[in-house]
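Below is one structure, written out as structure tokens; comments come after it.
Chain IDs A, B, C and D follow the sequence of writing; residue 1 opens each chain.
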Amino acid sequence: MVNDRIGVYICHCGGNISDVVDVYKVVEAVKDMPEVAVAREYMFMCSDPGQKLIEDDIKNYNLNGVVVASCSPHLHELTFRGAVQRGGLNPYLFEQINIREHSAWVHKHEPEAATEKAIRLVRSGIAKVSLARELSTIRVDMEPKVLVVGAGIAGIRAALDLAKADVEVYLVEKQPFIGGRVAQGYGAYPSGRMGSEIIKELIEELKKEESKIKLFTNAEIKSLGGTIGKFHVVVQVNPRYVVGNCSNFNDAIEKCPIEVPDEFNYGLTKRKAIYYPYEGAYPELPVIDMENCNKCGECVKICGGAINLEQEAETVEFDVSTIVLATGFNPYEPKEGEFGYKQFEGVITLPVFERLMALSNGKLTYNGKEVKEIAFIYCVGSREKDGEHEYCSRYCCTATLNASLAALEKYNDLRIYHIYRDIRAYGKYERYYEEAGKKGELFLRYVPEEPPVVEKEGDKLIVKVKDQLTFGEEIELPVDMVVLSVGMEPRNEDVFQMLRVPFSRDGFLQEIHPKIRPVETAIGGVLICGTCQAPRDTVETTASASAVAAKTETYTLKGYTELEPFIAEVDAEKCTGCGDCVPECPTEAIELKEVAGGEKKAFINEVLCIGCGACGGICPEEAINLRGYRYDQLRKMIDAMVEEV
Amino acid sequence: MVEKYDALVIGGGVAGMESALVLADAGYKVLLVEKSPSIGGKMAELSKVFPTTDCAGCIISPKIAATSKHPNIKMMTYSEVKEIYKEDEGKFKVKVLKRPRYIDEDACIGCQRCEYACPVLVPDEYNYGLVARKAAYIYFAMASPRIAQIDLDNCILCGRCERVCPTEAVNFLQQPEELEFEVKAVILATGFKPFDAALKTEYGYGKYPNVIHALEMERLLAPSRPYNAVLRPSDGKIPDKVAWVLCVGSRDKSLGNPICSRVCCMYSAKQAILFSAAQLLADLTVYYMDIRAFGKGFEEFYNMAEDMGIRFVKGKVAKIEETENNNLIVRVENFETGEIEEEEYDMVVLAIGLLANSDVIKVFKNVNVELDPYGFINQFDVNANPVLTNVKGVFVAGCASGPKDIPDSIVEAGAAAAQCIDYLYELGYKISKVETAEPEGVVSGK
Amino acid sequence: MRVNPTLATEFKELGAAKVTECFNCGNCTAICPVTPQNNGTFPRRLIRYIQLGLEEKVLNAPEVWLCLTCAQCTVTCPREAYPSEIMVAIRKDIIESGMCPVHMRDFLNNLQKQRNPWGIGKFKRDQWRKKADSPPPTVKENPEFEWLWFVDCAHSFDNRNIEVSKKIARLLNDIELNYAILGREEGCCGNDARKAGEEGLFLLLKEENEQIFAKYGVERIVTASPHCYNTFKNEYDGYDVKLLLEIIYDAIKSGALTLKHPVNKKVTYHDSCYLGRYNDIYELPREILKLIPGVELVEMPRNRREALCCGGGAGFVVSEYPGEIRPNNLRAKEAADTGAEVLAVACPFCMIMLEDGVKVQKVDDKIVVRDIIELVYESVYGPEEG
Amino acid sequence: MAEENFKPKILIFAAEMAYRAADMAGLTKSEYPSTTYIVRIPCASLLRPELILYAFQKGFDGVFVASSGPDCPFMGEKCVDKTAKRVEKAYELLKEHGIEGERLVLSGVCSTCVETIVGKTEELEKTLEELGPIKKS
């Protein structure tokens, strides 16, 4: 089918075009083309009367295509599409040809050549429109339902923000309690507030949104399928064995005969098999750790019906329109012997040090010994140029300074050394570095080629540093404790595989573009926030969580999202099922599917396709075309351009 | 009848545009007010951006286009918010001063004929005076709105622009206009102020022609740069030995700014990389106190710069002196050698810091928006909700609350939009789905 | 080497209050005009040793005696850790351990014995007054004085500066300032004893001065010396202190002095460390020079905050300077290179040091060193008298 | 070789960012050869090598594939590789058809890279003037 009643409009642009390009000549040159029904020139096509002209012509001449030759389509494509639509024609049966920026303005000393070029360009536009087909935007319904994976500070922030805008949230947490690493940390910078306090406040807010946030703790995602607008989620909720409320949980916990290392405190303390990790943990029900429980029944005696040691796992299924990944990070676990780790008593990591502070009141003690002198070693598991972790973990410098200052405030007479590479207390966090100096904490700088060495001497640890600030002299620091400022490591969760979200080089999840689309992934409808994307502190984490909520709301508040119609389409007749196109697609929108007769054919997921056309470029059979830029259209444009004027 | 909007966004830089776009996409009506003649902010001046070295224009121009065309955004450029009264939750009265361009904005088609006809040449502020512009001019090539303006301070009233204008848009009698609006929430995205390099007298900015600051270097490196190469100002020669001096007006209490500006380490590494890519044999040095390559992909970028042969020297440059041929001697304690280094360069780039630009708080007449000790807008609940200010219904995004790079600003802009939406929901201003009828007083996205 | 962090605490008590705030950027070392080229890490090296507690290295560092206390490091220190004050604290520590270097002994002995750097008999302090045509009143002659003019050692004992003192007296008399001088009872302010590290001596001098001030009911002090000005303002308590130039400026502005005779000279002004960097007075001397008709003010490339020290602080006005660099000679050359005929100063030590420098550099045929007061005087009373 | 008055016809396939650069060339009033024709495409990875050959066969003397380079809004840096593969393939096709490889150029052009789009076009024109007109098949 060829569109053969095309209206062609050449704009003077108040002289901008017509001073160079002979617009009358252009009209003359195209008006008799077989595809053209009417050709006109006009002073300002973008003006209201200019647009009206198009609308009227569509009706009067029963046009089935429109070409406007004027300025760049980046300026007025939408304007003219609107006019075409108002005229009653499909807005994609229109092409804007740029004869201002691409002709009049760049060839202003060659009016004849510019006119000839304009004619050829307009003809190519006519050629393109003559083969154009009606298109419409692809509408995807977006129910206000979102899955948030992970209930650390990022997941909670995102869930809250969404719920407040009437979005139904499924918040799924692997652990029996929510709050993640912030609850576990000591004071959070820069507010100086306790992590657990911040989480407590968020939990209070969360309780208010109970009707909209369905929280699943102790839960794993079993399967995930579908695409943006409709993901199907299967969640397995593992038994808590505590099924109801009881006023005597504390007695039950006390009576429990089992004692195991408490992972919340990194084994610094013990907990029972039935336990809360900390005061004010949420959900408010304790949990029974069945791996260690011997089912002695002591707790059942006290709490009766509130405890069911035979509780089974449950499966829950639901649909959501988008998925938010907020799965967080793991602290780097140093290798045995790395700066004396697990080799000498008193060498611990920063997260453990923070728990130690939370647990030690009055005096800072570790394994019964008072700690007076501490050396912090920075960049452990970060900035390894040729190693496993090339990246900088961003938060550790400030977190270490913050912890050291908190320790100084809490305990008397501590002596603190920082053994660093660069102090990256960026932005306003510089004040922590300054404060540490004021308080007399000492800084020593090492270069990665000559890292500090930790040795044991009597009951002291000796840290030896080739200190760049002291002209490369080796300085010895006798200390009681060495704290390794460990970086963040990416986690690898099953959901990543289920969704096939891409990773960046550092192993964290990859956003589409850090500046244009910072919270979206290449998988449509899958958004990321917090430390699963990159090392971040709490401030940056909560900001990204809110940003995720905002992005989601741009879909869900309206109830739908519209995607551009310029997507790839497969000509099943030509497709041989070779599969070359599948890996070519940047968004995994192509799948080979078996059709009747056992043959395989390529199928495009319209929702995932972003319209780059790469699949068409690789197809050996020209079986894939990009709508709006079909190869027959492009060839006809080439034909039109070379034809003599 | 006072025009009503759901949100007022002050500042049309990358953060302000992003906040406005998210709100508008979600279906809210936004008033975006920008002081300068075009939206785009500082990012529109930049060359390429770290750590991906994608071109700043490629990112900002689609955002500029999307903002200017969005049916839910009313954009007021060359305008200033003068007064804000918070009358109630969800009700802010706003006065905006629209400065005259001496051009009828509706008539101007951005053809630049006035610009060609204008005989007056003045230094172009967009290009930091590296080139000249006319008194009748369009702010910069990507500017939006693409409307000319006449700089009456320099105009000689010859009337040539008036004669050549095809739409009779020139109007020398235009007056400033004060307009009133009512909005339900406010987002502050007023960005930062670059440190005035001349205040660090030891570095000779303004005295030695070949000492330039980083934003000038951005223009020299930009694909749309004024000359086709990086040329040193004194003699127009291509420099082949260049130094970057970090922490100029940052981390320096003696200059009144104790905090770090977050971006200078990285933009300097980036400038050196871009320069080196154009001139492989150039001898490039970056003098730093600490290299703060902390963001995603930053450390890798810094390593790449080192691998390209760019020299990173730890040492705070104490002073710069000029030689007779306008070369520059940089004096620093080099920590690797433990000696004082006096090295001669063709050109020196000062990595100027980002200072607070918080005059906007003065427009709030009956509420006090708090500042932090450094003059930035204070983040009221910084860990749990970093975009809140102390005033309910007023949010902050981007460099207005502290120095920040582009990705962090954009993320925060999204966050501010989210909190703004939650605030509007709390007050009952909900977006209704398009299928249902539009309840009164609520705008729906179409 | 093992660290000893208590040393830093000790030094904080010695006056290096911010020694641990130094983050070792190296600015002080690289900006220091006298840092030795081949051992290029002074003063940061010493600061670092204090931070680490390597006392041996601190006490045995000869560099500390190079410090002119010019404070270029201090005004540009990004952390405001006051490196020059730390140098002073080290000197204190050394002197307290009884290890005063030979070259400083004369200066300190002179102060101790005669209350002036040159060791001239202290009874001669008021002799200059007799040579003055318009002598200043003493506290005994004018017990109702409002202002005490603290004449200072240089303006009392140094012949070149006595020329200036006489002019000051006439100017003050003519503007009818209600003032008096202490005469023979005046002591030394102690500024440079302190900067040389003799804190004990400084405290002694201070106590003496305070007693004598109390005796005569001194509340307001005017002085022509930036060194005295700095000490009274920043190290003493409870006095209203003014610089003579402020009084002169006010007198010109109020019309009490009329600058009627042109001084047709090209003049360059040398900033005194204790006026400029210590007290942020950069513009006042320049303003006065600009008010003098005929004066064409030109600047040396290093001016204001960046000005090179004359080399006369911390006792070096009499002590042999142990470094290779001679700041006064360099400065004299810089001044001559501007093409100026007059090198204007606002400090009696700068006067002594730079007159010397001008002679050593053999530029005394091109440029002369004059106090700003002398230029004002010439403009008020005419060239024949000036 | 060059003929009198020979003005080579150049086809520019301009991907998203390169198209913006061509707009910018207009806005900044740059000039480049007038016998260049721009076809707008979203991403250069869409180009089939056969389409490039087609342009030569129909009479274009030169083709300039102006991709968005690493600034490609669809796939960023991955675009560079993909497009290079298409163009490599096109070179092979040209060789098979006896068309000089110099007639085809590829360059990444960012949205403000006026220098690149103008410079590369001028360079190509020069090359083509030396090579002379294409032989029509």
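Points worth noting:
Just so we're on the same page, a residue touches a chain if its C-beta (ideal position, glycine included) is under 8 Å from a C-beta of that chain, and two chains touch if they have at least 3 such contacts.
Just so it is clear, the model here is predicted, and its values are computed rather than measured.
Summarising the inter-chain layout, the chain whose CA centre lies farthest from the centre of chain A is C.
For the pair chain A and chain D, the distance between C-alpha centroids works out to 36 Å. Between chain A and chain C the centroid-to-centroid distance comes to 63 Å (mean Cα coordinates, whole Å). Rounded to a whole number, the gap between the C-alpha centres of chain A and chain B is 25 angstrom. Annotation for chain D: residues touching 2 or more other chains are 20, 24, 27, 73, 76. Chain A has residues 74, 423, 434, 445, 469, 471, 513, 516 in contact with two or more other chains. Residues of chain C in contact with two or more other chains: 23, 41, 79. Here, these are the chain pairs in contact: A-B, A-C, A-D, B-C, B-D.
The residues of chain D lying in touch with chain B in their complex are 17, 20-21, 24, 27-28, 68, 70-71, 73, 76, 110-116. Note for the complex: chain A touches chain B at residues 13-16, 44, 46, 74-75, 78, 153, 157, 161, 164-166, 182, 188, 190-191, 193, 198, 201-202, 382-383, 385, 390-392, 394, 397, 422-431, 434, 445, 468-469, 471-472, 504-506, 508, 513-516, 518-519, 533-535, 538-540, 542-551, 553-554, 557-560. Against chain C, the residues of chain B that register as touching in their complex are 201-202, 247, 251-255, 289, 314-319, 331-335, 338-340.
Interface residues of chain B, counted against chain A in their complex, comprise 22, 25-27, 49, 52, 54, 59, 62-63, 65, 69, 109, 111, 113, 146, 166-167, 251, 258-262, 290-300, 303, 314, 335-336, 338, 372, 374, 376, 379, 381-387, 402-404, 406-408, 410-419, 421-422, 425-426, 430-431, 433-435, 444-445. Interface of chain C with chain A (complex): residues 1-3, 5, 8-9, 18, 20-24, 41, 45, 48-49, 51-52, 79.
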